[in-house]
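Each of the two complexes below includes subunit A, the first together with subunit B, the second together with subunit C.
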Partner chain A sequence: MKAHHISNWFSDRLGWRALSSDVGGRLVSARNPNIYIGGVILFLFATQIASGVLLLLHYQSSAEHAFESVTRIAGEYPYGDLVRGVHFWSGQLLVGTLLFQLVLSMLRGSFTAPRELVWVSGVVITTVAAAFAFTGSVLPWTDDAYAQARVGSQMAGYVPVIGGTLLRLLRGGDEITSQTLQKVFGFHVAVLPASFTLLLVLHFYTIRSAPRVTTTPAADGEKIPMYPDFVVRMAAIIVGVLVVVVSLATFVARPIGNAADATAASPASARPTWFLLPVHALLKSAPTTLLGVDSARFIGGALTGLYLLVAALPFVDKRGGRVTTGITCGALVLAALLTIHALY
Partner chain B sequence: MSKDEKATAESGRRDFLGMAIVGTAAALGVTAAVPGISFLRPDSRRVIGTASAGKVHDFQLGTGRMVLLDDRPVLIIRLPEGGFRAFLAACTHLGCIVKYSQERNRIECPCHRGVYSIEGANVSGPPPRPLETLKVEVESGEIFVRST
Partner chain C sequence: MPSIRAIFLAFSATLATQLALAGPTIDAGHAAAGKSAQTVLHSAATTKKADEAPPREVSEIDTNTCATCHGSLPETKYSTPAKQFVASVHADDRIGCVGCHKGDPRDPTVRAHDREGGFTPRPNEQGIVAICGGCHSNAPFIRRFNARLRTDQGDLFPLSLHGKLATTGDPNAPTCATCHGYHDVVSVSSLLAPTNPRNVANLCARCHENPELMKKYGLPINEKAKWQRSAHARALLGGNPQSPSCTGCHGPHSATPPRATTVGRVCGQCHPDQLEAFRQSPHSKAYRRLGLSECVPCHDPHEARRSSWDINSSEFVCNRCHAKDTVQRQVAAELSQMVSTARGRLVRAKARYEALKAQGINVHGAQYSLDQLDTEQQKLSITLHSLNPSRMRVPMAAVIDAADRSEKIIAAAQQERQLRRRGYYVALALAITLLGLLVTKAVQLARQRSRSKA
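== the complex of A and B ==
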C-alpha cells in the first residue's frame, strides 16, 4: 500500500481535503496585527499546556513537599530547569501579549459595536491569564509565594459584596494553610485551563460571527490566502517566539528562593508578579485611610470598579473615540511610574 | 385539520418542548450547583487553642519568637524589662507576617512598611488597626499563649 493510498483512506473518512481547501483558501488581511497576535497567543498557550503537564507530573501540592519538589524539578531531573523556565517565560509572554492586545484595542477603539462580545471575552481571557500567573507564582511555596498568598487572598477579600466569600473560598478557611496551596493548585491546573480553553473558543467564535468592521485602512489592504502565505508568516513568527522563550529560560537566572515558613516574618523583598507592581506601589504608599475607609479596602473597591468599567467599555464609550485613547495613554504612563516606584 | 392548523399545532409543540428542555436543564444546573458550592465553602470553625512558646529561661530579654496557634502565626515578645506580650502576627493591613525589631523596640511589617508600637498600636504606614492581642500565661516556667 502506498503512502497516498493511506492518505486517501483517511481523507475519504475524515473529509479533511475539502476542509483544508476551504479553510486554506480563505483570504486574510496581511497587515491586521490581531491575527498574528492571536496565533502567538494560541502557540504560547499550547506551550503552557505541554510544559505544565510535564511539571504537574513531578510537582507535589502539599505545603510540606511543594518547595522541595520544585527544587528537585529545577536541580535533579534532566532538563527540569529548562521545562520550568519555558513554562515560566511562555506564561509571562502570554500575559504580556494579552495585555498588549487589550491596550492596542483600547487605543484603536476596535471594541465598539458589533464587537462588544469580542472585547468582553478578551478582557475575561486576560483576567484568567493573570490569575494563571498569580497562582503559578504561589505554587513553589517559597517565603515570597507565601507572602503573596496572604496579601493576594486578603485583597480578594476587599472586592465589594463577594469579598468575604471569595477570601474563604481561596484560602479554604480563614487562615493560609496547606488547604490554601491545594486550592491554588486546583485552580492553576484544572479550573483556569478549562476556563481559558472555553473562553478562547468563545472569543474566536465571536470574532468570526461579528459582522466585519474595519477600523484601520490597513485591515482593508493586502489580502493573502490562509495557506500557504499566512501559515508561512505565522510559522516564522512562532519560531521567533520560541527562540525568545528558550533563550530567556536558558540565560536568565531564576533563583527559587527559600521555603515558606509560617513562623517567620514576611521577607522585605516580597513583591507580586510584574503586572501587579502598580497595585503594590499603591498599597505601600497609601495613607491609613482614604475617604474614611481603610486604604487597602478602598483600593480593592476602586480596582474592582475600574475593572468593571474596562470590561463594560463598549457600552460606556460607544464610538471608541479620542477620550478612551487619551485616558489609556494616561493610565499607561501612571502604571509605568507606579511600577518604577514599586521597584525602588 | 387544515394545513394552517397543523403548522400552528406543530409550532406550539416545538415551543412547549423547547421550554421543557431549557427548564429541565436549568433545574438540573441548580440541583448540581447547590451541593457543589456548599462543598467548596469551608465552615468557619474557631477552635480555642493553646500553644507553648517554650521555657521562660530560654527566652532572652528584648527578643521575639513566633509560634503557630490554630494555624495562625503568633508573635510573642519578651520585653526588655521582662514581661511578655503576644499578638496575632498577621498585619492588619493585608495579612503579611510582622516581626519584632529589637534595635527600634517596635513591631514592623516588611511588606508595605507598616509600623506598630510594642503595645501593638498601629503607629505609621498603612495598617488601619492595632494588632490583635493574645493572653500570655506562665505555668511552671513554660510560656503559653491562648486564643480568646
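== the complex of A and C ==
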C-alpha cells in the first residue's frame, strides 16, 4: 500500500479533507496583531504543559523534599535544568505576552461591543497566568520562595472583603506552613491549568461567535487564507519564540538558592515576581495610614477597584475612546516608574 | 521615716492575717526557738547526716514576704533588690530573701530586721562566699532544684587566683556575686547571664581590660582583644557552643592560668588528635627540655588560630624559631609544600563547585565528596603536628584522592554542560534554517497573492 493510500484511508475516516477545506480555506486579517499574539500564547501554554508534565514526574510537593527534588531535577536528571529553564521562561513570556495583549487591546479600543466577553475572558486568563507564575515561584521551597509565599499571600490578604479568605486559602491556614506548599502545588498543577484551558476555549469561542465588526479599514484590509499563508507565518513566529525561550533557558543562570528556613527572617531585599513590583513599591513607600485607613488595605482596595474597572471596561467605556487610551498610557508610565522604584 | 513606718504597719496587718491562715503549717518548735527556717537549713547542711536528712524546706513560709513589702517601697535602694530577686533564678520560696540575709520574715516589723537574730543587710565578700557555698556545696539540697548543677564551686574557688586573693582580703578580688550578680542571678545557660559563654569575655574584661587594676597585679590587658580575633571566638559566636571563651580554658571557678606544662592538656581536651601527633614530633622533647609549653610557641593561646604555612610569608610559623638555611628549614619547606598543595586542591575544587552552582547547576554528589575532601584535609592538618614528612604521605595521598574524586564529578558536570552547549548551537542552526525557509515561503506566498490580485 502506498503512502497516499494510507493518508487517504485516514482522511476518509477522520474527515480531514472537510476540515482542511473548511478551516484551511478560512480567511484571516493579515494585519490583526491579536491573532498572531493568540497563536504565541497558545504555543507558550502548550510548552508550559509539556515542560510542566516533565517536571511533575520528578517534583515532590512535601516541604521536606521539595527543595531537594528541585536540586535533583537541575543536577541529576538529563536535561533537567533545560526543562526547568524552559518552563520558567515560557511562563514568564506567557504572562508578559498576555499583559502586552491586554494593554494593546486597551490602546486599540478593541474591547468594545460585541467583544465584551472576549475582553472579560482575556482579563481573567491574564489573572490566571499571573497566579501560575506566583504559585510556580513558591514550589522550589527555597528561602526566596518562602519569602515570595509570605509577601504574595500577604498582598492577597489586602483585597477587600474576600482578602482574609483568600489569604487563608493560599496559605492553607493563617501562617505559611507545609500546608501552604501543598495548596500552592495543587493550584499550580490542577486548578489553574484546568481553569486556563477552559478560559482559553471560552475566549476563542467568543472570538469566533462574536458578530464581525470592522473597527478600522487597516485592520480589515488584507485577508489571507488560514492555510498555507497564515500557518507559515505563525510557524515562523513560533520558531522565533522557541529560539528565544531555549536561549534564555540555556544562557541565563538561575541559581536555585538555599532551602527555606522558616526560622530565618526574610531578607530585606525580598521582592515579589516582576509584574507585582509596582504594587510592592506602592506598599513599601506608602505612609502607615491613608485617609485614616491602614495604607496596605487602602492600596489593596484601590487596586481591587482598578482591576474590576479594567475587567468591566467594555461596559464603562462603550466606544473605546481616547480617554481610555490616555489613562492606559499614564498608568503604563506610572507602573514603569514604580517598578524602577521597587528595583533601586 | 514616718512614711515607711506607715507602710510597714499596713503590711504587717495583712501579713498577720496571712500568717494566721498559714499558721498550722509553721513548725511551732522552731518558731519558738526564734530560729528562722533558713538557719535550720544551714545547720542541716553542715550536719554529717545531710544525705539521710535533707535540709528543711523554707516553703513552710508560704510566700517570700520580704519581697512583698520591699518590692513596693518607694526607695529604689530597698525596692530594686526585691524586684531583681523576683526575676532571678533564686526566686523560689524554698530560698527567699532569708536564704542569704536571714532574719525572720514572719515578723516583718521587728524580728525580720533584728541583727541580733542574725539579719545581715550587707554581707561582706567573704560572707557572700560562705552564704553561696551554704547551698551550692550541699549536693542533696541542690539536687532538688537542678540535678545537673555542679556542687564543687566551693572547693574550686579557694584554689583559684581569685579565691586566694579574696582570702588575703584584697578588695579587688572577685567573689561569687562579682561575676554572677547579687539579686539578679540568672542561670549560666541564659543568654541574659553575664556568665553565659557568649558574654563571659565581656564580664572578665570588666577587670582584665582595666589598665590601672591590672598594673597592680602585673597582668596584661589584651587577652580579650586577642581572643576576639581567634578561631575560638569566631566559632563560638558563629554558633558552636563547644568553642571556648575565657572560662572554656581557665575554668570558671578555678580561674588559674594553665602553666607551660599543662597548657597542652587544656588544648588537648578538645584537640586530642593534634596533641597526640605533636607528642610524636621532634618538638615535643625539645620543648620539654627548654621548658616551653606544647602548643603556645606556634599558636598564641588567646589569639588561637591556624598558623601560616606559607613559606614566602613573613608570618610563616617556622620563621619564629628556625633561621634560614638550616636542616629544619628543609623539612619545613617540604611540609609547607604539602600543606599548600592540599589547601590549593581544596580551594580549587570548592571554587569550581561554587562557580557551577552560581550558574544554577547543582552537581549531584559534589557536596558530599567536597565534605569528604574537607575531612581528609583536616586529618592532614592533624598529622602536620607530628612535623614528620614521612607520616604525612598517607593522609596527603587521601587528600589528593578525595580532591581527584570531587574534581572528577565536577568536571563531568562541566563537560556535560559544554556538550549541551554544543547541542544547543546545532539546534539553533537548524532552527534558524527552518526560520529562514518559513520566512522565504511566507514572502513567496504574499508575492503570489499580490500578483494574482493584480
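Just so it is clear, the second predicted complex is superposed on the first by the 344 of 344 C-alpha atoms of A that agree within 3 Å, B and C clash if a C-alpha of one lies under 4 Å from a C-alpha of the other, contacts with A are read in each partner's own complex, and residues count from 1 in each chain.
Criterion: a contact is a pair of C-beta atoms (placed from the backbone, for glycine too) under 8 Å apart; a residue touches a chain by one contact, two chains touch by 3 or more.
This is a predicted model, so every value here is computed, not measured.
Contact with subunit B, but none with subunit C, is seen for A:L169 once the two complexes are overlaid on the shared chain.
Within the superposed three-chain model, A:L57 lies out of touch with both subunit B and subunit C [touch as defined at top]. In the superposition on chain A, A:V161 makes contact with neither subunit B nor subunit C.
By the touch criterion stated above, A:I224 is placed in contact with subunit C alone, subunit B being left untouched.
By the touch criterion defined above, A:T289 reaches subunit B but does not reach subunit C. Subunit A is touched at more residues by one of its partners, and among subunit B and subunit C that partner is B. Contact residues on subunit B toward subunit A in their complex (touch as defined above): 40-42, 44, 46, 66-68, 70-73, 89-90, 93-99, 109-113, 122, 125-128.
Looking at the complex, you find that subunit A touches subunit B at residues 147, 150-151, 153-155, 165, 168-169, 171-177, 179, 262-268, 270, 283-284, 286-289, 294-296. Interface residues of subunit C, counted against subunit A in their complex, comprise 357-364, 413, 420-421, 424, 427-428, 431-432, 434-435, 438-439, 441-442, 445-446, 449. Touching subunit C in their complex are the following residues of subunit A: 71-72, 74-76, 79, 81-82, 85, 224, 228-229, 232-233, 235-236, 239-240, 242-243, 246-247, 250, 253-256.
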